[in-house]
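A quick write-up on the structure given underneath.
Chains: A, B, C and D, in written order; residue numbering restarts at 1 for each.
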Amino acid sequence: MALSVEKTAAGREYKVKDMSQADFGRLEIELAEVEMPGLMACRAEFGPAQPFKGAKITGSLHMTIQTAVLIETLTALGAEVRWCSCNIFSTQDHAAAAIARDSAAVFAWKGETLQEYWWCTERALDWGPTGGPDLIVDDGGDATLLIHEGVKAEEVYEKTGQLPDPSSTDNAEFQIVLTIIRDGLKADPKKYTRMKERLVGVSEETTTGFDNLYGCRHSLPDGLMRATDVMIAGKVAVVCGYGDVGKGCAAALKQAGARVIVTEIDPICALQALMEGLQVLTLEDVVSEADIFVTTTGNKDIIMVNHMRKMKNNAIVCNIGHFDNEIDMLGLENYPGVKRITIKPQTDRWVFPETNTGIIVLAEGRLMNLGCATGHPSFVMSCSFTNQVIAQLELWKEKATGKYEKKVYVLPKHLDEKVAALHLGKLGANLTKLTKDQADYISVPIEGPYKPPHYRSLCVGWMVSFGGKETRPLLEEDPMGFE
Amino acid sequence: MALSVEKTAAGREYKVKDMSQADFGRLEIELAEVEMPGLMACRAEFGPAQPFKGAKITGSLHMTIQTAVLIETLTALGAEVRWCSCNIFSTQDHAAAAIARDSAAVFAWKGETLQEYWWCTERALDWGPTGGPDLIVDDGGDATLLIHEGVKAEEVYEKTGQLPDPSSTDNAEFQIVLTIIRDGLKADPKKYTRMKERLVGVSEETTTGFDNLYGCRHSLPDGLMRATDVMIAGKVAVVCGYGDVGKGCAAALKQAGARVIVTEIDPICALQALMEGLQVLTLEDVVSEADIFVTTTGNKDIIMVNHMRKMKNNAIVCNIGHFDNEIDMLGLENYPGVKRITIKPQTDRWVFPETNTGIIVLAEGRLMNLGCATGHPSFVMSCSFTNQVIAQLELWKEKATGKYEKKVYVLPKHLDEKVAALHLGKLGANLTKLTKDQADYISVPIEGPYKPPHYRSLCVGWMVSFGGKETRPLLEEDPMGFE
Amino acid sequence: MALSVEKTAAGREYKVKDMSQADFGRLEIELAEVEMPGLMACRAEFGPAQPFKGAKITGSLHMTIQTAVLIETLTALGAEVRWCSCNIFSTQDHAAAAIARDSAAVFAWKGETLQEYWWCTERALDWGPTGGPDLIVDDGGDATLLIHEGVKAEEVYEKTGQLPDPSSTDNAEFQIVLTIIRDGLKADPKKYTRMKERLVGVSEETTTGFDNLYGCRHSLPDGLMRATDVMIAGKVAVVCGYGDVGKGCAAALKQAGARVIVTEIDPICALQALMEGLQVLTLEDVVSEADIFVTTTGNKDIIMVNHMRKMKNNAIVCNIGHFDNEIDMLGLENYPGVKRITIKPQTDRWVFPETNTGIIVLAEGRLMNLGCATGHPSFVMSCSFTNQVIAQLELWKEKATGKYEKKVYVLPKHLDEKVAALHLGKLGANLTKLTKDQADYISVPIEGPYKPPHYRSLCVGWMVSFGGKETRPLLEEDPMGFE
Amino acid sequence: MALSVEKTAAGREYKVKDMSQADFGRLEIELAEVEMPGLMACRAEFGPAQPFKGAKITGSLHMTIQTAVLIETLTALGAEVRWCSCNIFSTQDHAAAAIARDSAAVFAWKGETLQEYWWCTERALDWGPTGGPDLIVDDGGDATLLIHEGVKAEEVYEKTGQLPDPSSTDNAEFQIVLTIIRDGLKADPKKYTRMKERLVGVSEETTTGFDNLYGCRHSLPDGLMRATDVMIAGKVAVVCGYGDVGKGCAAALKQAGARVIVTEIDPICALQALMEGLQVLTLEDVVSEADIFVTTTGNKDIIMVNHMRKMKNNAIVCNIGHFDNEIDMLGLENYPGVKRITIKPQTDRWVFPETNTGIIVLAEGRLMNLGCATGHPSFVMSCSFTNQVIAQLELWKEKATGKYEKKVYVLPKHLDEKVAALHLGKLGANLTKLTKDQADYISVPIEGPYKPPHYRSLCVGWMVSFGGKETRPLLEEDPMGFE
């Protein structure tokens, strides 16, 4: 797409694929609202007080229908919002159109190039000359990373007059980041520094447990079916990794009638797989007899081109981990004589010259549930996103109180339990209430939290406070240590 | 669409939605071939001998990618083929385009009107002045019905000179059938009679057991997800009917995490549901608390507008039985003040004026797995369709031998077992072989059949021989009595 | 045990293990009554009219708690009853004691020798000099067989004066049968002929489907746990045969967390296993890597001593098919140097001399669910046994009407459905009722039967009418052809 | 039983039910060894060095076959051992006999009175005049409690001359504890103080996660079947609490075909239940319609007599949580006119006078899986017990090094992973190995630990070091905060 910003009649900026899909997007947003009771409860509880009045929020998070409900919850609470996606394939164009038309500045479309992706990220962060956003909703940390790298470059430039050099790195994507920063630097050598000064905090939509397990259990078969229409029953499926994502994937495949084999490095997770009747083997053990391969490890270099060469004709290879380095796409692309046949967008058949057999790679090795289907369903995202809203509210409310230092915080357990409780009514559940006597017996407050912080979190969103001052810590680690 | 026949460069007739989708269709057909080992085995075994040389075959069967592999198996065995779909929503336009371009005369597109539907059926039967097809592959019996009604009308006309009167019936669809016959009669008063004379037999793709159970287990959640993206886990789902279709649907919903409630009339099927931990209640018991309703009964008038009025906001209502009379669409459309909002094709929200709440109806009450997804997966259809090929071969081979009388035959058990065996290799299975001693002990031949005819058929396609003479029996009953 | 008949104070004959267990048996019978709503409904419906008044019934059927409720249903309807077990391990001694004390003549104990077994069978048939029973409830046909062989011998003896010669057969068990007949012949050369004359009919408790599937799903893991306490999760289990018994076993093992491998001869059943994610291989493929082996085939010579030699140390080998010829016990016993270590009754470790490793054989290769646990649970047996009561009632009611000829009948479908309906209330189910219009549409009566005779029977008990005259057909074949 | 100590020929003390069961116990111990690869690996790795040489270990832990393998692992490593059970119903008498005869001093039998229970505990702690054990393996903390209370009493007595007064408490069991201490005090006023001085540490077999989930999934249905033979399929089962124990129970019941309803106080656990298709309601909502009730909460006062009064006839009520205060047994016993009918040991029917209907209570409200079946299977216990052995080794090895202070420690993650790894081979699993590059990428050592300490522990045994000096902390809290 031509990289020029467009404007709505009201003057709000955007860049989306097709504004005519806005009506369709609106209808699906309305459906999703019914499935997202946590967000709707936030609107009901906090909307009247307009707590985000005056707050500028930038989001870098898959621009889907569910995210649209999140965005409109933020705006319903008074925020001004600019948004980009955090994955080149994950935008739903009708969702982007509806939000761009009705609610917020959106820069996102399905099938961005990496160049376009970072242009969108920069647009989402650019709130004009007075600085960047007050708050960031990040997923994967790319928005935060851009500020971080920008500040670093501006500091070097201020001290040495030296511009960042894209050719200093082999990483193609990082070259793009450096180019953007370099080009911006010439025009405004304090842009990212001003952003840093203004920024109150970031809440990071990185989750574990609940949404990974149940979301992937839903969206893995959905992606497989939409991309390939293949019958899962009777097939041999290999799930690489048996963390929460892997558990969700393995459960879905097993329930659909596949014979599931798990690869694992952790003996405890391996035992868990065995207890469910799953075989635990290495990828090498099974590479030539399986029909479906799914990577879920959060690690890199899981399925290499040398594995793919040995697979059965039309074996399906896909990734459902956040980053796109689990499957060796580079090795595949560079394999001598390999031929790529695009069946349809996000579904490619790669044919090896020696055998003239091919494998089916989904979403170019990126998140297949977002690339080939619509990601986690609304109900799951409602849990995660309600946590995000609450984290943003907390950061904004306490921005000047000193309650949060410059560090990474996990959302407190009682808020996690509150978010869960907001979702029970939709499913017709009745919670049991502790008596005082029982609460005392197990040493918890009657109203919770009932468990220690690390126990089975619903959705471990966390947040970073930047305390309003000096340099800030980046989201460099998961404080919970979850995979 | 304008109802005019088009022609390929080679002169073959067709009418499809968009010929430019032929390449895409071809790629998906090639994928499907790998998943349809039974059909490919037929090509390998019978292709060289060209047993269908000279045979004209008309098909009336969902014009999908899988059916494309069936059609090209028939042509690979020497047949000439004309095809229409047996459901107004079930055509996959890229499949139709690929077949129209490459292999057979196709008259089908997704979203036909009833008028268009019967025009297509007539086109598929029309092989020119020398008569109709030699063989019919039918699904639901519409092609056979048209001949039957045509012959009846021609007989009346010959005796009395009287033309059929469309206004003699209340049934809107049957009015269309009579109109087509009436209009044809004037031009050619012996057309259907000549068809009857020529016709050797029909094989009917009406199945039970294997493909209903496993096919629906796959395609019900697929259709739900593509149409609504709704999370199934945690929801209350009502499955009306617990035959094979219902069993497949209930299993899929339960495995996806729904709480499933079954309605049944048959106490034995009800007991089976209970044994799986499913609740058995009446629709009235649960109509206002469930989230998803699926009809699978094969009966009519299952979910009436008075039920729909009482449902929760955004309850999903869909049908996966063959005919579209399980859900009271007429009652819904005529409900005073009801409002229909089309979210996307095949997904409508109907809003009731009293409550201003709506329900989501899929595929206008027709087969939701074909209307909203891609129907049964290739592997399942390979079993059914291989049976069809074998039935057609048998009818054609024995057309003059008198082996088959003018009546309905179920495919013999040993062919059923053979078809199953053709599908085992793809899934890596090793069958155990009986010793002579063991075979004698249980009184079966070593090579099978191992079970009596009615025992757990793979796919009870049946066939009708017309014996080459005089009036023929129509497919008026399922000789197996299956639901 | 010393083979002498004992008598209660009231003069009724019996031979059981330990009369002091009668109270315990009575308590468990009372529990079972609550779980057997079909039988209790028979007592309520038919008891007042005493339809069995004057009928003498002999039963040869596992003498368990559930059978006790059957027996007391027969007596509650007016019958006089004599009973033996149809398996040397299946008697529950407390059940036998309670019935012997309170209700009927019982000859049965857990752990009979074959000699004792046939003595008990003869006792159960012996109603004194006026002839045998009016009706037989048989399971496996041994009671009927004894009459059949007895009549044959008496006919030969009458014609030739020749006595049966036990040494004429290699089969050890049949030698015992011939000996009993020979010894009886000398005392009374017309005993079995008189029995034949008197006998009205037999109902055979041989079932398929419902009770095999759900009963074994319950009782297989129960037997495994009671016999070995082994953890099933994580183990590799081989199920030989995937009929209804095999399906129940495989489901139970899979659900308990085992990885299940199926062996099959029938490609359709093999496909069904694959569709559930089970691997289908031959026994030879997996004999040395599996932990648990279960035979369910109804065939013979399934697991031979040469298989057992290759198994892992402490592999568990058991049979849940009716007959004890699936596992090669003879081969095992005769294996040179093999050592048998009895862990506890019905749980033996057999150690092979070459490897000094052993396998665990349950119930000496006989029905492990009856030998090691308590068989099918009451609720399942209530379905089967209610069918038996209804069959007996029908035979007795029509004994002089000529309604039934000398042949084998399957219970009519509407009675099968009635029995199912009697069991729904206990599980809280509400059946849906057809409207007249719907019933007409699918061409069934409103009140059923809803399905053709062979469709998914609840419990295919069948009955043999002997028409009150001349020679009678024996139960030599399953008229349904089920495995 | 008469409470007198007996002695083996070799002079070792014991008190068990029936020494003649020792051979049977030995056979089952040998079977269990094959299922407990972790313990056998400890014998192989550590046995030769005899690291426990000179150590006196007291255990208070269910005296089962599995515990026998633990005890003989401790003795194989050089320890001297005295043992009692930690539950009045959980001893397996044949296990106790085998150990008493062959390996260690045992004071335990199935069905102890509370009086007997504490006598056994005292015997297990009594190593003669030189003080108590060097190490304790505790489960539930009763052995540690007795020392704690003893020291407290001795301190008071030393200061004030006052003896503990059993009548000072309402708690019947604590009265017994005080009586024992009081009676001992007169004879030896420094006994518990000397024990305290000597004690190096305690490892507590209180676990979470792995063994609760998989162990209860196995042993709950086992206990139900052995106690009641009831068919689980089709029943409505209520599981109170959805922690790991509840999850295992609910999974087992669902898989066996029950309809499962969960009660929960924690909204996150409630959401998890809903995601599995389970209904979440309060006990009051369902008390009168369910068939089976299981308490798993770890809390108290869950099922009260007022609930039990409203249950269906023959509803089954049982507890699988550690303590016996989840079911209101006291309220039941004291209910006016209630009648208790013992079906068999651990299976009682309680009949209410108003309705003359009864409920079935298992194991008198105590751990039903140990009371009615054989507890967790060997493989599960091997994981827990291998952790115990490793904890004991660590405490003993570091007794003088000061590595551990007087506080509670959770076993380090790498040992937890090691224990898991020892169990993979038995199940045929192949672990994947990280490359250096991958390990660096996710910031873990190649050889693990791969997860943070609190992540999905295999078995959170913990240990208390007493540092060899002064007063010691008691096990008053679970440092992990798990339910």
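By our rule, contacts are C-beta pairs under 8 Å (C-beta built on N, C-alpha and C of every residue); 3 or more make two chains touch, one makes a residue touch a chain.
These are the chains along with the protein names UniProt gives them: A, B, C, D = adenosylhomocysteinase.
Remember, predicted model here, so these are calculated numbers, not experimental data.
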Matching residue numbers in more than half of the contact pairs is the bar here; say which of B-D, A-D or A-C clears it relative to B-C. A-D
In terms of C-beta pairs in contact, which of A-D and A-B ranks higher? A-D
Taking the mean of the C-alpha atoms as each chain's centre, how many Å separate chain A from chain C? 59
Using mean CA coordinates as chain centres, what's the chain A-chain B distance in Å? 41
Inter-chain centre distance, chain A versus chain D - centres from mean C-alpha coordinates, in Å: 43
Of all residues in chain A, which are in touch with two or more distinct other chains? 214, 233-234, 257, 271, 274-275, 279, 427-428
In the complex with chain A, residue positions of chain D that touch it: 210, 213-214, 263-272, 274-275, 279-283, 285, 298-301, 383, 416-418, 420-421, 423-424, 427-435, 437-438, 441-442, 448, 450-452, 454-458, 480-483
Going by the contact rule at the top, pick out the chain B residues touching chain A in the complex. 24, 27-28, 31-32, 34-35, 65, 214, 217-218, 221-222, 225-226, 228-236, 255-257, 289, 313-314, 341, 343-344, 349, 360, 373-374, 377-380, 426-428
Contacting residues of chain B [partner chain D, same complex]: 233-234, 254, 257-260, 271, 274-279
